[in-house]
Amino acid sequence: MSQGTDASLTAPHTLSYTYKRSLGPLLGRFFTGLRDRQILGAKRADGSVLMPPKEYDPDTSAALDELVPVGPGGVVKSWAWVSAPRKQQPLDRAFAYALVQLDGADTAFLHVVDAGEESAMQTGMRVTARWSDEATGQITDLTFIPEA
Amino acid sequence: MAELTGVIGIGQTKYAAKRDELSMPGLLREAAERALEDAELTWKDIDAVVIGKAPDMFEGVMMPELFLVDAIGGAYKPMLRVHTAGSVGGSTAIVAASLVQSGVHDRVLTVAFEKQSESNATWALSIALPFSVATVAGAGGYFAPLVRGYIRRSGAPEDTGIRVAVKDREHALKNPLAHLHLEDISFEKVANSPMLWDPIRYLETCPSSDGACAMIFANEKLADRSDKPVAWVHATEMKSEPTMFSGRDQVMPRAILDNAKSLYKKAGIQNPREEIDCAEIYVPFSWFEPMWMEGMLFAPTNEGWKMTYEGATKLGGDLPVNCSGGVLSSNPIGASGMIRFAEAALQVRGMAGEHQVEGAKKALGHAYGGGSQYFSTCIVCSEKP
Amino acid sequence: MRDVAVVGFSQSVSLRRERNRNEVEILIPVLQELREATGYTNEDLEFVCSGSSDYLAGQAFAFVAGLDAVGAWPPVCESHVEMDGAWALYEAWVKIQMGYADVALVYGFGKPSMGDLPITMALQLDPYTVMPLWPDAISVAALQARLCLDGGVMTDRQMAEAAVRDRAHAKSNPHAQVAGDFDVEGILSEPYLVSPLRKHDCSPISDGASAVLLASSNRAGDFSKRPAWIRGIEHICEPQDLGVRDLTRSRSTEIAAEKAGVGAGRIDVAELSAPFSHQEILVERGLGLGADTTVNPSGGALAGNPLMAVGLARIGEAAARITNGEAERAVAHATSGPCLQQNLVCVLEG
Amino acid sequence: MSDEATEDLRVLRMPVELDYTYSAGRSASRFLRAIQEGKLLGQRCPVDGKVYFPTRGACPQHGMPIDGEPVELPDTGTLVTYSIVRVPSANIPLELPYVAVQVLLDGADTVMMHVLGECDLETVHMGMRVRAKWKPKEEWSTSVANILYFVPLDEPDAAYDSYKEHI
């Protein structure tokens, strides 16, 4: 009967949906670039280059429309070692999230470095883009690896 | 005590099933830029930003305002995110107005949006939870039994809803931003459209739209500088009640009646039908026009349908309702309430274009949400109180 | 400006996993306690505002049920922000400023234990270029922590000291989740959770709720013998993009603190809602606090972090210390978004 | 080259999958444990004595906890209002069209939402008397789905005045 226990009943509940993200012209070009294995940053009015590109300057809200190639190499500005990746995360082995400043870009962007082990990571190290076999135009087409 | 506040800028996107040529920031931006242009201001002139939208699951971003804020001039400024179910667009505008009315800020930009093409609203609204049986198919499934309740108690003729649908879709033809432009709309066409949630037919329901709406509120001193007409905020009101309790009148909730009384009192309105020139009412299913005519005290109990029948709510009638085409013609859910407020303001500014009500001076904006339990309303006027 | 005060505060115990109760059942005793402490009735409430997030519950319109706990009948003037309850308090403060209300009820609630919170928080990030990588909240904070450490902005010893201090303070807080005597050396010898963050650098995941009663000077005396007056309240939002912000300081806290007038006098007590130890240090600095301020006498967010209620609880805790005479002037802080993107600062006086 | 290769990308597909452990709460759990045994439990509001069905943690009208002894209700009631649903919904596995109903169980003061079965669509009307059709006992679990649907009872309709307050 109901007096048996006071604990709440629980059950698994999964929220699952595949969203359709429309990109707009600037991000459309950026992701098309990734599909073609090219990384593009956005040029701001002062000449500096934002990576990842944004349609609107984060500080001034000015519209941005010029994209310029950056990378594929860059410098790790910061990193966090993920020793036990979750199922959603891009690699199923330990890896680093890193803030990578690509050559030609003035801002660092958050991405993944597949370094094998933590001791291979260091702030200031150089990394380079590794493309997945079939680039489809998504941010996950890329992974970074320590530069040889 | 409150500072006198006016609407000095309004911007709306074109509403459509899919604005897939735009990102989310691009969508907000289209509305916000138009509002800035209307107000003849730049991003720097804005003191604070208020963002509104319906559930985050529609776009699959948790608190999307956090990544959107800088696209609409909000970097290093105060930003608030409002969510009060379907009434959110109205509530968001009220929060923005309050920031000026309180004297906290001089000029505030508010944007409400929904990008429904990123997902499926019926999915997000009917997420099946464990232990329960999902029987309510989206908003239509929820509201259809209440519409049946209204028909039963009012004795309204069964074609009342059809007449509302025809009228709002005809109005939409005069609004270039409206999502639905059904050139060949007719009584027969609506009557013969499929029943979805009996007694609600396909053409008596709102579409699912992408879109954003923006408004700029300013205090009296700054609004007086505007070269364009200003819509002065005479009163705003919000009322909520629980979704269910024993004896709750879901068809004609006390929250809307209380909201109407309080709003009119604040605005100094004795006879709303006489004094208000036009209204933008949240009507997602056609039958809610007669229902809310009663709820907003334009008609006696059980007689709201007569206004529809007599043509009072048509452009040219004595209380034109939803001259923009209303929610029945454009429904980016999170923005739909703000569009009502913005369209009311456009009317009293004389800037509604082809769907302008001639000589409109005083207008009502209305939004509702949840299980007919959240209400937000405003009275705007071409003249100061 | 009208004088507005916090005249009552209540909160639930922070629990890692509330096994028995749903959100409404968590909230009900919190509101009951507030009613008993202040004597307010629903007739007094001219405005009600709440803060919560649908994604914590995994369902749309999760906040609607909160109204059940209020007993919103006859209908109430009510609003909701998809933000921490601290911002709901701000909206209520605005309503009182404009003369719309004299008395307002504010509450926040969250039950993040139902999901995998760090991964849920990834949904806050730019949905095009960042979120698809699913950076969990701890990793994102760790990126900031390393920038601070590598940049010489702070040491991991200072981070450990913040954690030790908070958890020691929390021993006297019956609502805290993580309390006790820890030592810095011990913490520093522990393994990393996500390097360079150790478990102690992170706030716990907490289920809970908090509520505050606000009143203007017309009514404050009806509910409290010693109201905590809000002398300044401000909040600022930064762009989200991690690469364009200087993550080794909290610019938005600095701006909000200046506008709220934190520096106008000695601050006896500060209650900070920073969910990571390095962020607590950044907020402390952003507020310009000196050595004469007691930071987090309740333990702060590192001792209990009921998301959506935690910031409001900081305002309540700071106010409670004014009301009980421990402090004359206090500051409370709330935050939202990755790496302290958005911050609210509230200055209270006796 | 195909158009797809030359045109810029417009829309990306982005899967989001989050796992939760849904928790029914104390009060609903009491109801669910009872329905597993075929019992329907309501509870009285401590203020006005109205019977809330299913049991819930609070009376929303008064903001008071409902923690008194449960009230067991029969599985018969009155169809208060309804809609015939002819539009599919991603999360609802029912065959179209179906009748979504609000049923006021005898002795309850709040309605429950469910569906109606074994009934011609033309004959559905407000005020109909109905009874729960249960799944076979061996399939009962802690779910409202133990009731497959409601079926019409061969009884005179309830008077409109007896249920009009529940619409």
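Chains: A, B, C and D, in written order; residue numbering restarts at 1 for each.
FYI, a residue touches a chain if its C-beta (ideal position, glycine included) is under 8 Å from a C-beta of that chain, and two chains touch if they have at least 3 such contacts.
What you see is a predicted model, and the numbers here were worked out from it, not measured in a lab.
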item: Result of counting contacting C-beta pairs for A-B and B-D, higher pair; value: B-D
item: Interchain centroid distance [CA atoms averaged], chain B/chain D, Å; value: 30
item: Chain centre separation in whole Å, for chain D relative to chain C (CA means); value: 37
item: Chain A and chain D: spacing of chain centres that average the CA atoms, whole Å; value: 44
item: Contacts with two or more other chains, residues of chain B listed in rising order; value: 20-21, 23, 57, 59-60, 70, 75, 120, 123-124, 127, 129-131, 242-243, 245
item: Touching two or more other chains - residues of chain D; value: 10-12, 14, 16, 18-26, 28, 32, 59-61, 142
item: Multi-chain contact sites of chain C, meaning residues that touch two or more partners; value: 19-22, 55, 58-59, 67-68, 71-73, 114, 116, 119-120, 123, 125-128, 131-132, 239-241
item: Overall pattern in which the protein chains touch one another (line/ring/star/complete/other); value: complete
item: For the chain B and chain A complex, residues of the former touching the latter; value: 18-23, 25-26, 29, 43, 57, 59-60, 70-73, 75, 115, 117-120, 123-124, 127, 129-131
item: Touching residues (chain side chain C, partner chain B) in the complex; value: 1, 48, 53-55, 58-61, 63-65, 67-68, 71-83, 87, 90-91, 94-95, 97-100, 120-121, 123-128, 131, 234-241, 251-252, 255, 336-338, 341-342
item: Complex interface listing, chain B residues touching chain C; value: 1-3, 23-24, 49, 54-67, 69-70, 74-85, 91, 94-95, 98-99, 101-104, 124-125, 127, 129, 237-243, 245, 253-255, 258-259, 370-371, 373-374
item: For the chain B and chain D complex, residues of the former touching the latter; value: 20-21, 60, 120, 122-123, 126-138, 140-141, 144-146, 148-149, 152-153, 194-200, 242-251
item: Chain A partner contacts - residues on chain C that touch it in the complex; value: 19-22, 58-59, 114, 116, 119, 122, 125-130, 132-136, 138-140, 142-144, 146-147, 150, 192, 194-197, 239-244
